[in-house]
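In the two complexes that follow, subunit A is the common piece, with subunit B as its partner first and subunit C second.
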Partner chain A sequence: MQEIKRKYVVPGDRIVDGNFRPLSNVTKSGNSIFATRIGIAEATRDGIKVIPLSGVYIPRVNDVVIGKIIDHSSLSWQVDIRSCFSAHLPAQDVFGRDFSPARDDMNKQLAIGDLVTARIMAFDRTRDPMLTIQDKDLGKIPRGEFLKISATRVPRLIGKRGSMIQTIEQATQTRILIGQNGIVVVAGRSAEGTQLAIRAIRMVEEEAHTSNLTQRIKTLLNVPEPESTETISEQASPEGQKLEGSSSSIPEAEEQVQEEELEKGDKE
Partner chain B sequence: MVQTRSLIDEHGRRTDGRTMDELRNVKIQVGIVKNADGSAYIEFGKNRIIAAVYGPREVHPKHMAQPDRCVLRCRYHMSPFSTDTRKNPAPSRREVEISKVMREALEPALMLEDYPRAAIDVFVEVLQADGGSRCAGITAASVALADAGINMRDIVPACAAGKVDGKIVLDINDVEDKEGSADMPLAYMPHLERVTLLQLDGILNQEEFNECLDKALQGCKMIYEIQRRALIQKYFGDEQELKEES
Partner chain C sequence: MSSSKRSTIIVEHLRKQQMREAISRSKRLDGRDLDEMRTLEIELGIIGKADGSSRVRLGNSEVVAGVKVETGTPFEGLENKGALILSAEVLPIASPYVEPGPPDEETIELARVVDRGVRESEMVDLDKLALIPGKVVYTIFVDCSIINYDGNLFDASSYAVVSALMSSKLPVFEVQDGEAVVNTGKKMDPPLTTIPVSITAVKIGDSVILDPTAEEEACMDARITITTNSEGKFAALQKGSTGSFTIDQIKKAAEIARIKGEEVRTKIKELTSNGH
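Right after this comes the complex of A and B.
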């Protein structure tokens, strides 16, 4: 098998020839694998994939997203998850099996305009995404500043094992919720902290693909310099837990991997 | 008697000083419309065109949605100030046609089956028109689609070739389009080696057609390199290759 290097690709670029398994954002044609998005191509043990650098959010099962209730019927809420598909949150998911449209007032639980953190329970080509809020850290978001970033920047904002987001949370005394769909809610004790966190998030979004970003974020947030930059995220995690339960954005294992890959790309 | 001026001088130079197989200056900038999901600005000779892509997004009206694939909608429009005499901003017969051929030129490059029940909108706005605005429009639109992060099999560059003063030349400009004898726009996917648009206005014999086709294909390949560079510049800066740690 030939050695495959990570490389920058644009749609149509041939990544590699040979018998490899196409994973995401690639297409196999004949004996070659081609990129279908702008991004960084790389080979893993499972196959070839491209980490995209642009694009709107396309739902995937098990993603944790932040959505806004835009309407409800007698049996479900309609949730805007900032995608080309609007999601459903069944009333039974909130009220339980014995939900009765005649007895229960849906507006009492979730009103139009409310923000919810939810997990995508089911989604495929033929049906709109179905959500659930029956899990730890899911449900209605009571307060916070709302902002939108590109969905492709979410792994970078979370950072390696949540390092980036923990750094921001600690330095600004805020609690930050991140949805895979690029919606971020910042809740802080002080307005200054919240504003600073928002500035840091914006900076991560704009400079996601540049190297040494963590360092610049720390400078922006006036985080004191430890002896080794590597250790700060490790030390940070236990303290982060104390802070109002810390980030409830549960980075999926895959996102972490993706983030690590992105970060590797930045450093190289 | 009508005096027809020569479009190619004795040194083989054209009205704008180009040689037979020289492109006009092409400059592409990516991501200039912040509201759009993807965008591009192209300067193709005197053409100035903005392309903006929205989507995949919800289809309105809903009945247009396809259950198995995404709907691609293109709008080619010339601004009232894009020509020397004011152009009526209402869509003309020509603009409706170009919108259609543009959609058909871009569709084969897109993996529309990846986004069922959604729509992708492509807007191409001509700010200043010179000859070959449909080719420049397709070129810009395909860069904007790549910028929007839509799954694509290939990028589509487009370029025209034609017959002027009995000679086959690359990249017809406005004067050559009006006074020359044939104009052949071509859109081409360089990796897949597939032609997605081929129109011909004028008369060519078999031999001339083949020469014209070859020239236009060469032009497309040159434009592809410019598209690629523009995208890489936007996303990776000056660094063209990913440097590996040894």
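Right after this comes the complex of A and C.
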């Protein structure tokens, strides 16, 4: 089999010729595989896929998302999950089986404008995503500062086995809720900690595709580092690692970072 | 009638809380001071076939205005004056909350408020635009297209209309034998007398803020748009939304409209003289 290097692609780029299986965000035409989104093309044992670097959130069953209640009918709430699909949360999920539209006031439980953490219970191409809040840590979000990031940056914000988000939480004394759809709620004891956490999250969003990001975040948050500080300050300087060429292969130094990202993407 | 309105933008409760807290500390979520306008950018002459045009960016709000001059019959009761017709349209690409179709009431109000500012300040001296009194006069159409919506369309559209008019060149029409009107092919400056500038202030909680974003407009209790002319005199005023202002707040808004209006006027003058 032909060896495939990881590379940046834009929609329409030919990733590889040959007998490969198309996975996510690619399409097979004749004997070639083409990218359908901007991202990093990657060959795995199963086939070829593209890890997207931009785009809206596409719901997947079992994803935990943060949504905004935007309306309700007599039987369900309509929830904006920052996707091209509008989700709904059945009233029975909140009130239980014996829910009665005549007796129960839906506005008292969840009003328009409330934020909820919810899990996507069902979604396929024939119907819009259905949510549930019946699980630990799901439900209405009572407080915190919220911000929106691109859904494609979420795996990077979480980091390998949650390393990035734990770093930020510990350094800023905050609790951070992340929805797979890119909505983040930061609740902290102090306003300074919360603001610092928000700055760190924004930095992750802007520099998600660059290497040594964890180090730079640690520098921003003043996390004591056992390694020599010289390396950190060196890495903190901008090195113009931003995505420039559409299909340039990724330098070796970045490989590890991408791996983390990919691994996270796989896990989701 | 389009069902979706820009005022249907739903701001999260947490976001509203954040916004009110920030405003109570005299700061806004985008880092501006309460009476700070967003950056104003004006580009002129962007429509080749129009007699005058401009593109205005106020933060992320973006408006294109075009001036077209023709001859037509005067309005009844205004036989000796030229006609000025101003329209505004919010295009569906401007925001996910805008639907195609006839204008909704917010858009109608927008066109009327912008029109009132230009008309009541007597920016264009319409007396000089009659050709055959009672029969043929200059008719100036100014059309605004909102191509991106991020709040404060009143001011953005007003600046677009004013700068388009200021940069316009009218075709010179001549009356021959007392009845035939001919286009001479020459161009002239429009007869302008003043530069009206509108300033919109909204009330959120107990504070009055200037140049609201779409998010702030969705949280506002009341809105007031005040237009001043070059002498700093008030030419037009429109109060909107269901909430109320105290007398002190109105006085303060009027004072700010005069001071900020002068700043914006200087900026418009500077930007229109550079590009023309």
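Heads up, the rule we're going with is that the second predicted complex is superposed on the first by the 227 of 268 C-alpha atoms of A that agree within 3 Å, B and C clash if a C-alpha of one lies under 4 Å from a C-alpha of the other, contacts with A are read in each partner's own complex, and residues count from 1 in each chain.
Here is the rule we use: a residue touches a chain if its C-beta (ideal position, glycine included) is under 8 Å from a C-beta of that chain, and two chains touch if they have at least 3 such contacts.
In this text the structure is predicted, and so the values were computed from the model without any measurement.
Applying the stated contact rule after C-alpha superposition, one finds that A:R125 touches subunit B and leaves subunit C untouched.
When both complexes are overlaid on chain A, the residue A:I40 reaches subunit B alone and has no touch with subunit C. Looking at the shared chain after the overlay, A:R216 reaches neither subunit B nor subunit C. Contacts of A:L53 after superposition on the shared chain: subunit B is touched, whereas subunit C is not. With both structures placed on the common chain, the touch criterion links A:S86 to subunit B but leaves subunit C unconnected. Comparing subunit B with subunit C, more residues of subunit A are touched by B. Per the touch definition, subunit A reaches subunit C in the complex via residues 68, 70, 80, 111-115, 141, 143-146, 185.
Residues 5-8, 10-14, 25, 27, 29, 34, 36-40, 52-56, 58, 84-86, 125-126, 152, 209, 265, 267-268 of subunit A are the ones touching subunit B in the complex. On subunit B, the positions that touch subunit A within their shared complex are 37-38, 55-58, 67-68, 109, 111, 115-119, 146-155, 189-192, 228, 231-232, 235-236, 240-245.
Contacts from subunit C toward subunit A in the complex involve residues 10-16, 18.
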